[in-house]
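The letters A, B, C, D and E name the chains in turn, as written, and every chain counts its residues from 1.
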Amino acid sequence: MIEQEQSVFLYLIAFLISAGVYVILNKRNLIFILIGIELIVNGANLLIAFFARSESTSNGQILAIFSVVLTVCEVAIALAILLSIYRRRQVSDLDQLKEIGND
Amino acid sequence: MQNLLSWIFLFPLAVAFALLLIPSAKKSLFRVVALITLGAQFILSIVLLIGFDSSLAPSSWKSAFQYVVKVDWINLSLASVGNFKIQYYIGVDGISVLLVALSSLVLFIGVLSSWNMKEKVKGYFFLYLLLSSSVVGCFIALDFFLFYLCFEFMLLPMFFLIGIWGGKRRSYASIKFFLYTLFGSLFILVVMIMLYMGVQEEGINTFSLAAMMDGNYLTDAVLNPESDGYFLGVPARSLAFLFLLVGFAIKLPAVPVHTWLPDAHVEAPTPISVVLAGLLLKVGGYGLFRILYGIFPDLTAKYSGLLAFFGVLSIIYGGLNALAQRDLKRMVAYSSVSHMGFVLLGLASITSAGIAGSLYHMISHGLISPALFLVVGVIYDRTHNRTMDCFSGLAGKMPVYTFLVALFFFAGMGLPTLSGFIGELMVLMGAFTSKVLAKWYGILAILGMIISAAYFIWTLQRVFFGKYFVRESAWEPHMKDLSPRELIMLIPLAVLVVLFGIFPTWILDFSNETIEFFMKHLSNSLS
Amino acid sequence: MKLSDQLQGIINELGAAGTETTLMLGAIILLVFGLFQSKPIFIKLLFAATIVFGIYMNLRPVESGFYISTALYLDEQLVYFISLLLLGGLLILLFPRDQHSVEFYFLVLSLLVGCSFMLKANSLLLVYLSIELVSFVSYILTGFNFRKQGFEAAIKYLLFGTLSSAVMLIGLALIYGTTNTFFLSDWTFTLFSSIGSQVGLLFLCFGLLFKIAIFPFHVWTPATYQAAPSDAVALLSVAPKLAGLLLLRRVLLACELTLDHWVTEVLLVLGVVTILVGTFGAIGQNNVRRMISFGSIAHSGFLLGLILAPSGHFDKEAFWWYSAIYVIMNIAAFFIVDQYERKGILLSSDYFQSQKSVWLGAVFTLVLVSLVGIPPLAGFTAKLFLFSSLWRSYQVDGQVLQAVFLFSAVFATVASLFFYLKVPKNIFLSPKAFSQNGFADFSLRSKFIATLFAIILLLAFFVPSSVMNLQMLLHNTHE
Amino acid sequence: MMLAVQGLVLLMVVIGCAIILLTKNVVHAAYALGLSLVGIAGLYVFLNMELLAVVQILLYAGGVVILLAFGVMMTNRLQGEQVVTGSRSPFWSLVIALATFVGLVSLFSGLEFTNQQVNIESQAKPSQLEAIGVAFLTDHLVAFELIAFVLLVALVGAAYMAKIASDD
Amino acid sequence: MTDPLIWICFLIFLPLVGGILGYCFKRYLQIVNLTSVGFSLAVAVLLLISYTSPIRYHWEWLPKFHLSIVIDQISLLLVTLVLFIALLVQFFSTEYMRSEKGIARFYGKLGFFIFAMLGLLLADNLLLLFVFWELVGLASYLLIGFWYYKDGIPKAARIAFMVNRVADAALLSGILLVYDQAQILSISDLNGTFTLLSSLLIAFGAFGKSAQLPYSGWLTKAMVGPTPVSALIHAATMVAAGVYLLFRVAPLMHEKAMLLVAVIGTLTAFYAACCALVQFDLKKVLAYSTISQLGYMTLGIGVGAREASLFHLLTHAFFKAGLFLAAASIIHFLHHVSKQDAQDMRYMGGLRQKIKWTYWSFLFCGLALAGLPLFSGFMSKDGILLGAWAFATEHGGWAYLIPDLGLITALITAFYAARMLLLVFWGESRTVMQHGFRESARFFVPTLMLALLSIWLFYHWNPFAHHAHFFSMLGIKDAVFAGGGELIPFLATLMAGVGTVLGYAFFKPDSTYAKNFSILPIPSSLGMNMLFRGLALTDLYAYLGKYIYRFSMLLAFIDQKLINPLLHLFAIGSVVFSKVLALLDRFLVDGPVNFIARAAAFLGRRLAGLSAREGQVQFASLLVILILILIWTFFF
């Protein structure tokens, strides 16, 4: 039971992370990419939680909680920047951002 | 008196910074100041020569130097590397004292030659004085770090002097010069670090060249000759030797790495060519003496074939290239390559004649090549053209000029009674009597003498003899014989070239004991 | 242990976070102050006062050890580095700013808080948190000139950074799970015997490499440096980098990896590649900022080489030297670049327009030459220490990669001349004549400041003990 | 029963992911992400981490998804465009994702668990919240202090940026 | 004896000082020069008369390397010879060069030459000898190129110099090899035998200056110089330097090398005599005859008759200088009266009446050249042939070819001497004379003095005496008589006589040859043409030079296009690399995708039917993950 549960958990984590990778690689919309990253972060969080499940201290849980909080901050900043970009450029596809470069 | 060397070394530097305070508008003041400064430097170096005790027979390198100033400069305690100690350690022996005197002379003549400089005078003389200091510094430094500092510091002023006041392709030439030399000097830097980690003086790691030459290695140092250290599977000492060889060969320059030289010379203004050929190449040669041979005497025999090969290659290849040139300056530049090959060959011979010959050749080339660039400069000043095809029969119009040109050409081709001959002869004597070199090297080097005669005589014939002709009539009014200023520059060189060609002992007496000791040093570590 | 004793102990040790607390408080005060008073001079003064006070707090004598429930680690070396970073933060006041928004200074202070926590962090939580704080501030600062380019760079930076931090989070999870430890101080070599923990360690390092800008995590650098405001770039190019390096150093020290461990080998290889990529990447650049940013990538590689010394042979002094000089060189370089950009000169091929402004050009040349590492400038001494340290490491350990590192460092030094020289070449050697109409010379102030930087670089070469004694100097001012 | 609930929660996560993977519509993806996150919160509950689960639902499922949805609305909807996005290279992405999957699985399968023998009973500690609260003020005091500051920074930064953006 | 240094100074430096002073004070040019050389000559004669033992002086020139000068009887004799001829030539030139602009320069160069030549003769150390050897070459170059502004002259001077330079290189190699072997270079201290290589190199060095095969081409080129110079340098003194050197080192030379010397000498003597036969240019005839006579001397040294060679050097110096000076008179005369190409014999003829004194001196010297008895040439040539004969009897077989060829050459010599004499002085004049002319005493006095010195009586009372008598008369003890019976003097007389008679028969004024001479074309048949061009040696040099030049052009090309780029490989490679990186950089952060991403995009287009644009962050992420996977697969 425990063995099975463990392996299911780990497969899920691997699935979440690789799904995130797929999304990041495949999608072009910035928000989509953010979603992909969220998937990876969640995988990582789940991993922490998984490791922390049997620990006597609550360190793991706290790390996971902090990571959730930080992700929210991140998304907030990302959206603020996105908004600024959109205000100016009316694009949300990453590919259309190519102003910087070597000329 | 004890601080004489410091004066010679640092005085131009101080004046350089003082120059910055003069407003740029006072154009003619700069050259006067520079002239006085370098004149003073020259006089001081004469005093140095007079006070030099040439009969001092040293017993170790530590005691081989005179006018020594040894002051702690940097003393950092680095926990893992130990004490990082750099000294302001200067002094001269019989080899360097001559080069110091040569430097101050050539630098002085260089100022005279830049008398008519018109653009950005302030910057020019500022950089020129910086260059002067660093060149002299190279010759008197006895601390590797100080040497390296001066060695590298020459690059920047030179870069700008060629780059700003040069010819059409100046930026290409100056960058090429900079890159090549930096490339070489980083090899030297690596070896410097290797040595620093392995050599101690009074229990502290040191950059002192004297200690390095005396071989005060730590017992477990990779570079300790007794410990057979390896680096990446290569014997570490051999690797260090070859690194230094590459570094100095670029500066010298020896043939496969010489291509910066013609470009730098062609693009540089005349005074800078003078300094470049007269002194900077000597720094490479001096490095071979002091550092390569001084610190790695045990490997000299092993690699003498290599050195001699590149020496002979330079002699012949440089000569043949000079033969093919149409640009006078390019020809002279390639002839420098050819001549510097003799320095390599002489060192490779590991005989006292050969080594003294190398030194002599450096001195004499230090007089001849500036003179050659000056005489090319004379014609360039008048016409802004240096192509041989554009001139013919100048002897009729400019007899004094032709006389001096011929004198320097003959000196360049190694005609007896002129200083070029002595150097070449001694090098050849060394090469022929060497125990480590095959005779072919000497014979091939003599072939190089034929080639040098070929291009000099041919140039003489094409440009100075024959029917008078200049390509453009606009040049006609300028084709006048030498002005007094040009005479003041050229005549001392001519006199010295002749005197040193007849009385070689005037120079060699200074360095006899040093070279004796040098040889003892070499043979001790070879046996 | 009873809770009250624990709390008492924490209260006693709170001074260990004094600097950060000062900075945070200062930042908040600044923010509030900005609501009422927006005269730039006041903001600047407050900012400077905060930092100075932070340094003052920082330099109180400390005993090396763990503080506040072993969350923080402190020793003298770290304290000096924190002071260095704070000084760097102070230096950006020299940059002229068009908009004096309070938020900018607030963010700079936050960045410094993050960096100093990075240096001190001992728990994984704090490691993660401080890195994230630095990252957030960096993202925002990148877009802080409110131009299209800035936002673009910011979003790219953010996306890439978030991904890296996600990878790092996985690494932290793996370490936490496999070693069952939460503090760097609990680590031992044996804990890291399993593959999971080693991979975790590598992932953690990746997160740090992202901050340091090591290949392949350097990709954000050029865009960010190009688009962000100059003062922000000046700080961003030094503070997070040095903090990341020192943290990496402590991480590697904590898990007691030897040089032939595969994780260190990976790092060494990445270091070599970084040096080459940074150097050669810069050669193709025309935009001066991008060029310098690639150069700074190469410098990251050099610094990484210093970090990866065999155990017991970490060259603290050399690292201090390189860092201190790097801070000055980089800030000076961006300062001067900023001056040129204010005249509309962005590309190195345009620098010929300033050919009459010899003075600043000469100073810029000195700074660039120092970045290459040619005497008589402090950059050379830094390189000398670097090479010495690498050689020393090689001698101690015989690790071939160290030798490769040494040679690529030497090689890159030559190659770096290629691009650093472009600017002086265009200023001084350009054959193009440029009509001087409309090109006003640089202000006396900017010339003065730039010259000051150059003089520091020269002085540091001739009197290198000054840099070493900077530590002592800072120390003594306290007493 | 427990197993069934567990399976359901797992299914939630997987379905959420699958939608994200397959859909082109950003809004749909955001909602699917919400679904996944709630599922993950459920998993936390199974791991006896109630606080984490709550935080997950409140901040993640609530905050992030709503933020994302807002973002989508504010960017794409304003123009009345389709809220769909193109894909770039599904094949290669898939290959790499699969490789990642295989790599992670092989990594995880090699893990040794230092705390395997811990029994399930010990997980059911009632005072978890309290322990966390104490930890915040003792072991992780600095972190707690810092995250407050981080939130402030993020707030100020995001707000300022958005303000500047909407100002002009 | 007082300090030898004073004598050496007088001997060596006085002419140089005279030259320089003359250049500085042009007003007293001739007086200063003549006085200084005269004074020097007086010292030499005084020394010669009062000779007791060799004077030796040495000094340290390089560290541990001494140079030495030895004044012994032989060197004194030659010094006297040089100074005497030099004095005559200087005297002659006062008139001959009077109207030249650069006469001061001329005297300066001449003084320099005399100085160098004296130094060469007195040098005891091989290296010092080499020093003066080179200086002599330089002086020769300068004097040949005296009229530097005329077409072709600088080139001829250059060729002469370069050919000498090649020989000098061989000589220097040889000397240094000797130095390596013996550690000393002073001839009087050297003993033993040189190695074959060094002997050969020294011999080939000596051949250069003495215009032996294969170097002989330069001497004809040198004829473009002023004729008095030719008389002094290219007939009497400098060209004899090689012989002198061989004379000095002969006892030390390797046996096989000496054999080569003999063979080369014989061949040179023979070929040059043949060449002299077909020349039109009077100076060229003389030049070839000089080469031929030098060949005799070389031959003599090669076969061991070195004193005989030295004696021939002496006598030859007088009569050949006389011939050249006479030729100078002729040229001057022709130039004066007709402004024609004054050296071509086809424009001469019948000058016997016009310039009587010159005729007589030319006749005497010519007969000495032809080797007729009662003239000095016979005495010295006889000695050499005797030596050769002795050599042949000793070696037997093919060695007889050497005296045989020598004798045949003697015949040819007489033949061309007669041709020259007859065509120039006899018959009718082939030029229209426009101006009158009076022979100047300054011309014929020196010439006549030299002509008188071609008479046997000055050397020995017996016209059939050879060198041994002469030297023993001077008190030189070690002169050894190489026995050869009475056959050789007889044969030599016979050959010379036959040659003269044949010559007369061929070239007498009413012969067909003489009649058609003025319109005679340059011989076109291959053999004759080759002879006319002196075996085309100068063309050979030119070819050699051309190909070396081409080779150097090739090298310069390589240097520019190959070595330079090769060394720039570093630069180019790094630039290329940087471009690649810049491209990568674009894919990563800026714009177009890189290879993988492009492939992905392509596939993506196919699969999704959408236009896939390139990714940046995506690509970076891809890269990170790829690297993770790579590291993963690499380590596990």
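Simple rule for what comes next: contacts are C-beta pairs under 8 Å (C-beta built on N, C-alpha and C of every residue); 3 or more make two chains touch, one makes a residue touch a chain.
Because the structure is predicted, anything quoted here is derived from the model rather than measured.
Least step count on the touch graph, chain A to chain D: 1. Distances between chain centres, each the mean of the C-alpha atoms, put D farthest from chain E. A summary of chain positions shows that the Cα centroid lying nearest the centre of all protein Cα atoms is that of chain B. Here the CA centre of chain A is 65 Å from the CA centre of chain B. Between the CA-based centres of chain B and chain D the separation comes to 71 Å, rounded to the whole angstrom. Separation between the centroids of chain B and chain C, computed from CA atoms only, is 42 Å.
For the pair chain B and chain E, the distance between C-alpha centroids works out to 36 Å. Along chain A, residues 17, 21, 24-25, 28, 33-34, 45, 50, 52, 55, 57, 59, 62, 66, 70, 73-74, 77, 81-82, 84, 88, 93-94, 97-98, 100, 102 each make contact with two or more other chains.
Across the assembly, chain B contributes 179, 183 as residues in contact with two or more other chains. For chain D, residues that reach two or more other chains under the stated contact definition are 86-90, 92-93, 96, 100, 107-108, 115, 139-140, 143, 147, 150, 154, 157-158, 161, 164-165.
Against chain E, in their complex, chain B makes its touches with residues 179, 183, 256-257, 259, 317, 320-321, 323-325, 352-353, 356, 393, 395-396, 410, 415-417, 421-422, 425-426, 428-429, 431-433, 439, 442-443, 446-447, 449-450, 453-454, 457-458, 460-461, 464-468, 504-505, 508, 512, 515. Chain contact summary for the complex, chain B toward chain C: residues 74-81, 84, 123, 148-149, 152-153, 155-156, 159-160, 163-164, 168, 170-171, 174-175, 178-179, 182-183, 186-187, 189-190, 193-194, 196-197, 222, 231-232.
Looking at the complex, you find that chain C touches chain A at residues 123-125, 128-129, 132, 136, 139-140, 143, 146, 148-149, 151-156, 158-159, 162-163, 166-167, 169-170, 172-174, 176-177, 180, 182, 222-223, 226-227, 284-287, 290, 347. In the complex of the two chains, the chain A residues touching chain C come out as 17, 20, 24, 30, 33-34, 37, 40-41, 43-45, 47-48, 50-52, 55, 57, 59-60, 62-63, 66-67, 70, 73-74, 77-78, 81-82, 84-85, 88-89, 94, 97-100, 102-103. By the touch rule above, chain A contacts chain D in their complex via residues 2, 5, 8-19, 21-23, 25-29, 31-32, 34-36, 38-39, 42, 45-46, 49-50, 52-55, 57-59, 61-62, 64-66, 68-77, 79-84, 86-88, 90, 92-93.
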